[in-house]
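Listed next: structures, encoded as structure tokens.
Okay, so subunit A shows up in both of these, paired with subunit B first and subunit C after.
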Partner chain A sequence: MNIVQPRILTDRIGTARTTFVIPRNRQGWRYWKDAIASQGMGISTFAACLLIVVIAGALLDRAWPILSVESPKALVTSETWHPIKGQFGFWPFIASSLYVTLIAMALAVPAALFSAMYLAEYTRLRGLIKPLVDLLASIPSVVYGLWGVLFVVPLVRDHIGPASNDTLGQIIPFFATNNPTGYGLLAAGFVLAIMVFPFVMSVTEEVFHSVPQEMREASLALGATHWETTKAVVLRKSLPGVIAAVVLGFSRAFGETLAVLMVVGNVVQVPGSLFDAAYPLPALIANNYGEMMSIPLYDSALMTAALMLLIVVLTFNIGARLVLVRLNPETAA
Partner chain B sequence: MTIRTATHLSIRNLDVWYGGQHALKDINADIPRHQITTIVGPSGCGKTTLLKSLNRLSELNTQVNVSGQVLLDGIDIYDPAVDVTEVRTRIGLLAQKPCPLPMSIYDNIAYGPRIHGQKNGKMDDVVRTHLQDVELWDEVKHRLKAPATGLSVGQQQRLCLARALAVRPEVLLCDESTSALDPISARAVERLLDRLKENYTVVMVTHDLAQARRLADYVLFIWLGEVVEQGPARHVFNQPREPRTRAYLAGEIG
Partner chain C sequence: MMNRRQRRHLEERFFKGVMRLSLFLALGVLGLIIVTVTQKGIGSLSWSMLTKSSEGGFYLGKEGGILNAIVGSLYLAAGATALALVLGLPVVFYLHAYIGKSSLANAVRLAFDVLWGIPSIVYGAFGFILMLMIGMRASLLGGIITLALVELPILVRTMDEVMRMIPHELTESTYALGTTRLELAGILLRQTLPGLVTAVLLAFGRGIGDAAAVLFTAGYTDNMPDSLMRPVASLPLAIFFQLSTPFPEVQARAYASALVLTILILVISLLARLSLRALGRHVIR
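Up next, the complex of A and B:
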């Protein structure tokens, strides 16, 4: 029997101490299972981590033909996209991606924060509403895309576009429109915002909910109102988690492909207005991979686009991690 | 115009239901001004529930129902016309476990006064005075901007006390406020409370009878949701009238 026996030892001063003698012969099926479990878990964890290196390596390898003839700076900043002439300027795609994502985040994050606050702090209906919001997150993106085509695009075309053009657009060119179709940045940003909203909301709500009740009581017991407590205590305490949620939303939005390409218009240009059609990086890859592959360097250019997506999302995640470490060294490390 | 009588806080026919359970039954008590009143009794008999009913923190729990009156200088704090934030400003709370707000030491003290309209100009003085009051100033004066969570538990509890006093309450409720502290910090907080009763009415829950004997001027003994006996500490501790009080004091129950 391998039962650990306590043994009373007496040290030199004479104090009795209890120690445990660990049996040497770790044999038998139990120990095998233990070893397999710990090794197995370790291997799958490291394999997942390795995956990102493998993907980045493969993309870099396939992107190399174009990266070796053009400087990365020229690729990123050039606006001319003429694959047949061998001109690969990615700026229109990068700018489109950034615009669409930023519009989506600007619409989704405040709404998500306020609804998360409401659910966590103000209502007893959490148990009812939370599952509904989580359900929103599981709707396939093609459904959102279709809904965008059927509902959002006409709304932008017939109402929001003309209204904005006649008011704000008269002063700020960014709000003017000369795109009569409705397919463009705003429609894509809107659809994307609705897709990102449940993610950001669900995560921030969990974070708010995990703030200890004693902390709210501490604030309320000083005569603070509900809103003062939510703002100064709950939100402040949750800030690292809120940042993490926003980064998660950003990463999803930046890489979202299908729903966006269905409503964004897919015109290669640097958008100058909220209503202009655009062509984000994921749409570029999804629309063109497998076609016109006989054009020299075309395949390599698409791989470069994929590599750019990966780099942006990674940079953003690492940057957020650094912010978290500064805000709260204990939890983020 | 409120009349300053010997009774500061008066509990009238207070019943509290917790879920389906009748947690407090027809509580009547007069809490004397500028004295330390201790609520003693076995665990789970409703002490904390009673304490949290005195500044309406109990109503945060949606399962709690309260009926009856708690009169602060004659004004019922449960009156619908009464502003709950005003109630909680005048009746402060020192919780069982120290709970610093997620901000700096300085801001922990300044938080309450800022809410109540104190301008930032005099805030340095307010913060210093209250930290001195709880004998914490010398320990933290060089790191006022550091997060309050970096303090030891004993320091955190004194910070929480200073924070509670910074909004100038009249009554201070203490919920076993020394039970999470080491003996030395606990005695420091006790000493502070003993000094504070010159200016504040203190109501403390404790199940540490030795502490109650050291501090109490007035005692409420609660047993299964009912006040069994109440009165000046020397009477209750030395000549208890009720058999149940005697049994509790002798360590036979609770």
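Up next, the complex of A and C:
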């Protein structure tokens, strides 16, 4: 490797001047630059990847005051939430998060699956509809929340709630309602379903699309109908990918904050019915950051909530991504 | 009694119908959101809302506008996108010019995919912890740093996908001319510029629309942003706060603000998609 050093240069007129110049052999300098860039970029890349660990570490550090006095099991399963008395039971929030997300997935996944099938297998409009869905997916969450307040909440309050209460609610308590406001699990689940639909559809559609055309042809040649081919060949072949997409969608919905917060009602309770108000983990963090420094251990409790979110999301994400990568190393989403 | 053939035919028709219905319903609901927001917002949208800052009492129903929030959001997102680009470009170059198609590169991709999945409220909490550690208050700078972390994986993975489209022959002929890997990175950048503009615009749009990350870190204010160290207003939070007030006339302003935000985001997303086509003329394919 050449080293840049000062040397005397004589230009054409003959006046000598001392200067730092690139070595006569430019090759050396180029490799030198390349080596520096390699080191620098490598370091920044791995620093960025370490961000996951740093975030987890910082949250753990902040959550430690409460984790060291209370066992994680007690924190997760306890139902009493009295920050002023120093009682932090996270079960109402965890249960709310799970319910809201599961309702959202139950609504979104079938629609997303069938839509993705239609786009990948049945129509030539893929090039038109996919960009449109992507475009709609870029609408910010606060707008979804606002729409939830304007449209979904009144709908649940005036129509779905009473209707469900008078029919199914008479038999199964889960479908009965004693919450006249409309703000609650179902409204939040519905809004969330709309939000994750484009994502789940996009990923499943990619998975369907990556199934080799020859497999479809083989099935059609055996006399299967279009739907039978889709069901028995495309869907079966891409099942792991579909599951991964659903898991990714779940973890995305699990961490969604503002839209859910706006329509879920925010009452600390373990919801007993589809129409009860709830209080998911992200809403807990977002609603209380203002006073968290004024009550002892409160900030630690909120950071514990953030840590729980992170753990769930990380587990789901890493699992799903590994499946997707294994399925198709080239075009993993 | 139906025979086998009729039954299969019926099944085919039935599921095709179900697929059409679900796609139609989903698109319909997504379209309905835009219609609802436009309908509600257009009535209370006025020129003074866009040109005035919200002075004291705006949230009690007095005069004013959301200019401070619009400008604040643009500052936040622009700063965050610039920072994320500075952090992200070396990563993308490293992935493509240096470690190529190795399993290491795939591990890095996995890490960024996972980072992409972390909810922005967690980034917000992390940014808040960082700011506590260095003794910073809620400010424009804090918001920019946190948003940059949110945008970084989006930027890196989108740019990465664009660079993957480059034909392998181009890389090989570049090397054959005797370039170093760093010089190859320059070529790759030239070649993927339109895609990079798309990635930047997408990240920028995400930065404008994100509320959970700036909730802790950028604070909120009624004034125009004037310093990196002061709190700054943002459009999503303006909507959220306006909607939380009990006054109908302020809530109506939330609808108008939401319309402004939606239009802003849709225009940015459209530009992002169009830029791929418009700027792609000089790309060797």
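Convention: the second predicted complex is superposed on the first by the 271 of 333 C-alpha atoms of A that agree within 3 Å, B and C clash if a C-alpha of one lies under 4 Å from a C-alpha of the other, contacts with A are read in each partner's own complex, and residues count from 1 in each chain.
Here is the rule we go by: a contact is a pair of C-beta atoms (placed from the backbone, for glycine too) under 8 Å apart; a residue touches a chain by one contact, two chains touch by 3 or more.
This one's a predicted model, so the numbers in the text were calculated from it and none came from an experiment.
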Exercise. Is A:Thr77 contacted by the first partner subunit B, the second partner subunit C, both or neither?
Worked result: neither
Exercise. Now for A:Ile139: first (subunit B), second (subunit C), both, or neither, which partner does it touch?
Worked result: second
Exercise. Between subunit B (first) and subunit C (second), which does A:Arg216 come into contact with in this model arrangement: first, second, both, or neither?
Worked result: first
Exercise. Should A:Gln39 be classified as contacting the first partner (subunit B), the second (subunit C), both, or neither?
Worked result: neither
Exercise. Is A:Arg124 in contact with subunit B, with subunit C, with both, or with neither (first, second, both, neither)?
Worked result: first
For this session: In the overlay, answer first, second, both or neither for which of subunit B and subunit C A:Thr225 touches.
Result: both
Problem set entry | Broader residue contact with subunit A after superposition on the shared chain, subunit B or subunit C | C
Exercise. Which subunit A residues contact subunit B in one complex and subunit C in the other?
Worked result: 225, 228
Problem set entry | Contact set on subunit B toward subunit A in their complex | 55, 57, 60, 62, 85-86, 88-89, 92-93, 95, 97, 99, 101-103, 111-112, 115-116, 160, 163-164, 167
Exercise. In their shared complex, at which residues does subunit A touch subunit C?
Worked result: 30-31, 33-34, 37-38, 40-42, 44-45, 48-49, 51-52, 55, 58-59, 61-62, 110-112, 114-115, 117-119, 122, 129, 131-136, 138-147, 149-151, 194, 197-198, 201, 225-228, 230-231, 248, 251-252, 254-258, 262, 282, 285-286, 289, 302-303, 306, 309-310, 313-314, 316-318, 321-322, 325, 329, 332-333
For this session: Name, in rising order, each residue of subunit C that touches subunit A in their complex.
Result: 8-9, 11-12, 15-16, 18-23, 25-27, 29-34, 36-37, 40, 87-88, 90-91, 93-95, 98, 106-115, 117-126, 128-130, 149, 152, 156, 180-183, 185, 202, 205-206, 208-212, 215-216, 236-237, 239-240, 243, 254-255, 258, 261-262, 265-266, 268-270, 273
Exercise. Any idea which subunit A residues touch subunit B in the complex?
Worked result: 124, 212-225, 228, 232-233, 236-237
